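Listed below are the structures to be examined.
Okay, so chain A shows up in both of these, paired with chain B first and chain C after.
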Partner chain A sequence: MSATDGPLLEVAGLEKTLGAQHVLRGVDFAVNRGEVLAIIGASGSGKSTLLRCLNLLIRPDNGRILWQGREVGWVQNAGKRMPARERDLLGYRTQISMVFQSFNLFPHMTALQNVMEAPVMVMKRPRDEVRAEAEALLEKVRLSHRASAYPHQMSGGEQQRVAIARALAMRPEALLFDEVTSALDPELKGEVLSVMRDLASEGMTMVSVSHEMGFVRNVADRVVFMHKGRVCEAGDPKDVLANPSTPELQAFVRSVTD
Partner chain B sequence: MNWSVVTDNAGLLLEAFGTTLWVAGATIVLSVVLAFPLAVMRDGPIRSLRIVSAVFSWVMRATPALTLLFLTYFGLPQVGIYLAAVPAAIAGLTLSATGYNMEYIRAGLRAVPSTQYEAARALGMPFPMILRRVIVPQAIRTIMPPLTSNLTLVMKGSSLAGMVAVTELTGAGMALISRTYQPFEILIVIGLAYLMLNGVLIWLQHRVENWLSLPGQG
Partner chain C sequence: MDVLATQMPRFLQAIWLTIWLFALIATVSTLLGLSLALFVNGPRGRRALSVYTWIFRGLPELVVLLFCFLALPRIGIDLGAIGSAFLAFVLIGTAFHAEIFRAGLAAIDPRLIETSRSLGMGRMLMLRRVIIPQLARISVTPWATFLAGNVKMLSLASAVSVGEVMMVTRQSLAISNDPMTLILFAGAVYAAMASVVMVAELLLSGLMRRRYGPINGGMT
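Then we have the complex of A and B:
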């Protein structure tokens, strides 16, 4: 049983040093079920690292991640707080799927095989059932006709939509998007953004690092502006982007609207 | 040319051919099978296993194959392990071949972008499944050409077994030459035999490469 009243995902005091870079310097925010949270910020502000900490692809050095009110990534062992073993994180990762900037489809599998891989291999669900669901997911991202195509035969926009279907195939509680349109030609961004808008309107919980200010303004329920490893400003995107209160966000908004 | 030296000794040569096939075949299979886990260990997450496989690779590649062969044939009995000539030869040749194979396999595994590991981890896959389902199927394309090339060397290198009383092709041929003084005919026949054995190996490589190729990607 999970707490339904608290936030779905909450982070507090998240810190990460990569090499000599203190990338995250104490990040706090929460995401409610059904909410679309956008993370914006200049490159190097720690957005992608933050996103990878959320599903523990990167282990934070410090701080807490609460999923449905329960801490993940750390275990109490003989009274000491220890990082959890990789294999104890796998179940959590299936609940919070990720879509990447560079798609990262498996090149030796067709679109349909990419979508079916994790439900069949990781979740051990029956292949026939998964196939039907995977076909439905490809239809949802408007790619039924590309089911048997390999990634190298598809456009970037198509690959990214397959990647979204692959993430959805895990039946996740939340989706993480890491600048998913940044590697796409301008005319291909729209088809990916429209799939994301559909998901948002269906009530999917989403955390999206994005440079698409139109998406942030119109689709996100809340925006978090990262600067030098900290949350510099947060709130309703329409307010925050129209009336930034910090000079850092004022400068950022100017730079992306010019 | 007088080919009667070949036809008169056909039985001996055929038997030697069979021995070469057996020694080289076993060495090839064993050395590939052993090299895979060592290659994974070499770049894996566990430090002690990384060191073990690095030392193995260094020793096996830096030591002459003949020395390894002598160690398994003459050396092991010193510590109470007695192997017949053929198993001792297979063991020595396998040690040497494994050291090289693991480096080709390792290079292929490293050629798969790290983003593929990341995507697989994000889907909740455990490490062994990531290797089996995602990394190895992609790496195998990179691994095949240099690995097969090394295996043709292993095939020819099986002639070293002749040095430890294994009657394989080259050894048998040399014995025959010193008895008959007809090197030319015998060497041609032996050369053709190696040509055929490695021809099969290279043919297999192409079969595997065709089987792995994706539509529209050559």
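Then we have the complex of A and C:
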């Protein structure tokens, strides 16, 4: 199979134990290029853990992650399957970059510096070229006027849009979003969601943990419902959310629509 | 007053010595303490570091000083007066700075570390671009507080005949009948030097707070 056919990202049998908790108990799904996949599920069902595994911020105990058809996170060494070294994962992480619930901008850098940081320092691209691109990205998230502001001077919605621009600045193949609007006031959620909608319509591959049912229903191509560390149900969000077949998802849908 | 005037050249020399000795000790112990806090990893290294900082934060400064000046020569290490004072205060200062920076590192928001990793940063890059700047922000106040206290501690070096301000003061006292002036003068000199550090800290932490906002960017 060539790198361009088949799913961009595929996970199979992913398992992770944190402390005494068996958090992921065998997760399987695939994401195609250009697809928007929403992950929903109750608190504690392992959504954040799954996302962290996807870009190998934490290493799954078991299972496989295939990126463009190739396994990441493990190397064959003298016929044995060995965990890859941290520094061999760095390049992969820049291709699948993450946006966090709490924005996590670097407090000692302006919006523009935050966006330029990884391309200049990690990817070693020329500063002038990166600056032009970073300014364009800030414009895309409608924050050109805030380029020289520090994070503490910005609203949560602004910070989160800078964080999205920062993730995009690495020219990633896919973006991971972990409840990126749940720390925001209702009126600020909209500006972030609209940026995400723009990205989706441009064909960006996105995996988004979200409690925004409007986003899940209208923007996601597919939804995965996690329950107790497993994929409990998956499919087209309109069908799945309207006619949940498992009692777990029925209960979840009821709890988020109330 | 006369004695102060006649002794002024010696005082000026002593002030100069005190300033550069302090600057040297502060620089070396800060860098050593920072390196220990950053690079000593693993349970055994950590435990060894704890034992070291426990000893040198606990011992009276004078004991360490006398040990370096009087005891070390017995085992063939004769550093002289200034050398002994330098070693003693660096040993003590490094212990405090290692603890100050260790506490600072623990206070860095782990989400910033995770974010750095998610941006593909390796350890050294993260250290340079994220950890050290955050540490500067968090640790500047405890660091400067220790240093300001450290200025006064240097007066102990007179006990091992380092010609710093206290030394000259004591010698002048012996030939003077105006202890009030001399002692107030010496006090003013130490207070002034400590004040420079305190004011610098106020300005620096104020600047960082205004520019970068609360520690850790006020993340919630």
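Definition applied: the second predicted complex is superposed on the first by the 256 of 258 C-alpha atoms of A that agree within 3 Å, B and C clash if a C-alpha of one lies under 4 Å from a C-alpha of the other, contacts with A are read in each partner's own complex, and residues count from 1 in each chain.
Following the convention adopted for this analysis, contacts are C-beta pairs under 8 Å (C-beta built on N, C-alpha and C of every residue); 3 or more make two chains touch, one makes a residue touch a chain.
It should be emphasised that the depicted structure is a prediction, and the values quoted were computed from it without experimental measurement.
*Asks:* Here chain A is shared; do chain B and chain C fit on it together or clash?
*Replies:* Chain B/chain C on chain A - steric clash.
*Asks:* Now for A:Ala183: first (chain B), second (chain C), both, or neither, which partner does it touch?
*Replies:* second
*Asks:* Identify the partner contact of A:Glu129: answer first if only chain B is touched, second if only chain C is, both if each is, neither if none is.
*Replies:* Neither partner.
*Asks:* For A:Asp236, is the partner it touches chain B (first), chain C (second), both, or none of the two (neither)?
*Replies:* A:Asp236 contacts neither chain B nor chain C.
*Asks:* Have a look at where A:Asp88 lands relative to chain B and chain C in the superposition and call it first, second, both or neither.
*Replies:* In the superposed model, A:Asp88 contacts neither chain B nor chain C.
*Asks:* Could you give the residue numbers on chain A that contact chain B in one complex and chain C in the other?
*Replies:* 55, 57, 86-87, 90-91, 93-94, 97-98, 100, 102, 104-108, 117-118, 121-123, 150, 152-153, 166, 170.
*Asks:* Which residues, counting only chain C, touch chain A once they are in their complex?
*Replies:* Going through chain C, the ones touching chain A are 111-112, 114-115, 117-123, 125, 129-130, 133-134, 137, 211-214, 216-220.
*Asks:* Given the complex with chain B, which residues does chain A contribute to the contact?
*Replies:* Residue list for chain A touching chain B: 55, 57, 86-87, 90-91, 93-94, 97-98, 100, 102, 104-108, 117-118, 121-123, 150, 152-153, 166, 170.
*Asks:* Touching residues of chain A toward chain C in the complex: what are they?
*Replies:* Per the stated touch rule, the residues are 55, 57, 86-87, 90-91, 93-94, 97-98, 100, 102-108, 117-118, 121-123, 150-153, 166, 170, 183.
*Asks:* Help me check something: in the complex, which residues belonging to chain B touch chain A?
*Replies:* Residue positions touching the partner: 115-116, 118-127, 129, 133-134, 137-138, 212, 214-217.
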